[in-house]
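The structure appears below as structure tokens.
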Amino acid sequence: MNVYDKLKELQIELPPHPPLGGIYKPVKQVGSLLFVSGQGPTKDGKPVIAGKVGGERTIEEGQEAARLCVLNCLSVLHHFLGDLNKVKSVVKLLGFVESAPGFNRQPEVINGGSQLLCDIFGEDRGKGARSALGTNELPGDITVEIEFIFEV
Amino acid sequence: MNVYDKLKELQIELPPHPPLGGIYKPVKQVGSLLFVSGQGPTKDGKPVIAGKVGGERTIEEGQEAARLCVLNCLSVLHHFLGDLNKVKSVVKLLGFVESAPGFNRQPEVINGGSQLLCDIFGEDRGKGARSALGTNELPGDITVEIEFIFEV
Amino acid sequence: MNVYDKLKELQIELPPHPPLGGIYKPVKQVGSLLFVSGQGPTKDGKPVIAGKVGGERTIEEGQEAARLCVLNCLSVLHHFLGDLNKVKSVVKLLGFVESAPGFNRQPEVINGGSQLLCDIFGEDRGKGARSALGTNELPGDITVEIEFIFEV
């Protein structure tokens, strides 16, 4: 199925390309691998979901943050590739959850983004390897940061 | 030397394939690279070594946790490849140690897993690039999480 | 431009190859990808910039730490490749900043290393994908740790 039709069906509008937050490229391609820089739950470069899960933020808010990371990633990929249908598969997600002391359910949080990738690309193509981890602090106090590798 | 003979010589029995802890694939292959999802010191998906090194856990317990991460990784690879002898080399380990404040000996902890890979695959084939880092919290309060890249 | 001429122009002398801090290879090559193990702001394996940014360390000191990570990385690459001119491009940086509670400007810290790579290799070749994250503890209490992927 066409990815853009699927996005329409899911009533998802891709956000504008997030501004760069430092000295890096949003995407770097080597052969068939696309390395996408770490994405956060930001809009126009400003955090929209900030604070630690298990503290100021619930798991559900963390999952929404992970969804926003994926949407920013797809915006970046759309601009890089010109056509999201060129994505052959998700290769790997490395997801960090800003975690209050004693919060240990990071995989459930990152699932928010992983599920969205499956919804858009389908179970096989949308699922890759993954690590989900906690950290004490993230840039701009964002709740989640995810970096991605895709295959084209 | 045959990897399974080596495992027998080292009196190592591969654990059963760990259950999935979220929405991801245990292994994703692209060309000759195998990306293995983050593994923990778990049995049947339950943590067997939990708590922070430098706090509730000693360095030796952390090293044992790193060994268990590697064993789960090998179980996953065995199921994916059908034959561990197909592994050409270890490419990279990214290892996180759940660290109490002031604990700064993460490389010694991750060495527990790195040494096991060398024992099984030999010095050259079993050694790849590596980063060892601390973090405040990991899923299920596990003591160590390691993600892997292999070459086939 | 020749990389060594550029280093001379920038009055940069490559440090000696850092000693191994554990059981791993400094660089692992698979095809055209070079995976470089996590580097710190060390000299002869001893931390030269230690402590958390937002605590004992300023952003400027963190940026200098990131520069030292890059210099150690280039030393490692120089020894591996024999000639840094073989580097085709920077593919990805994964940078961790040892962060005091409430410090959330990790990208500015990692920029210290990213800028140096651009200065040496030029804007296009020296810039890859990147993630910048915080963590509570790093090996030897180093202020920054960066792992790298390069293309040859």
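Letters A, B and C name the chains as they come in the text, with residue numbers starting at 1 for each one.
Please note the rule applied: a contact is a pair of C-beta atoms (placed from the backbone, for glycine too) under 8 Å apart; a residue touches a chain by one contact, two chains touch by 3 or more.
Being a predicted model, the structure only gives us computed values, none of them experimental.
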Cα superposition angle of subunit A on its copy subunit B, in degrees to the nearest 5: 120
Equivalent interface positions on subunit B and subunit C, same or different at half: different
Separation of mean Cα positions, subunit C and subunit B [Å, integer]: 25
Multi-partner residues of subunit A (each touching 2 or more other chains): 31, 94, 135-136
Residues on subunit C engaged by subunit A in the complex (per definition of touch): 31-33, 89-94, 99, 101-108, 110-111, 114-115, 118, 127-136, 149, 151
In the complex, subunit A residues that touch subunit C: 21-28, 30-31, 35-38, 94, 96, 135-141, 145, 147
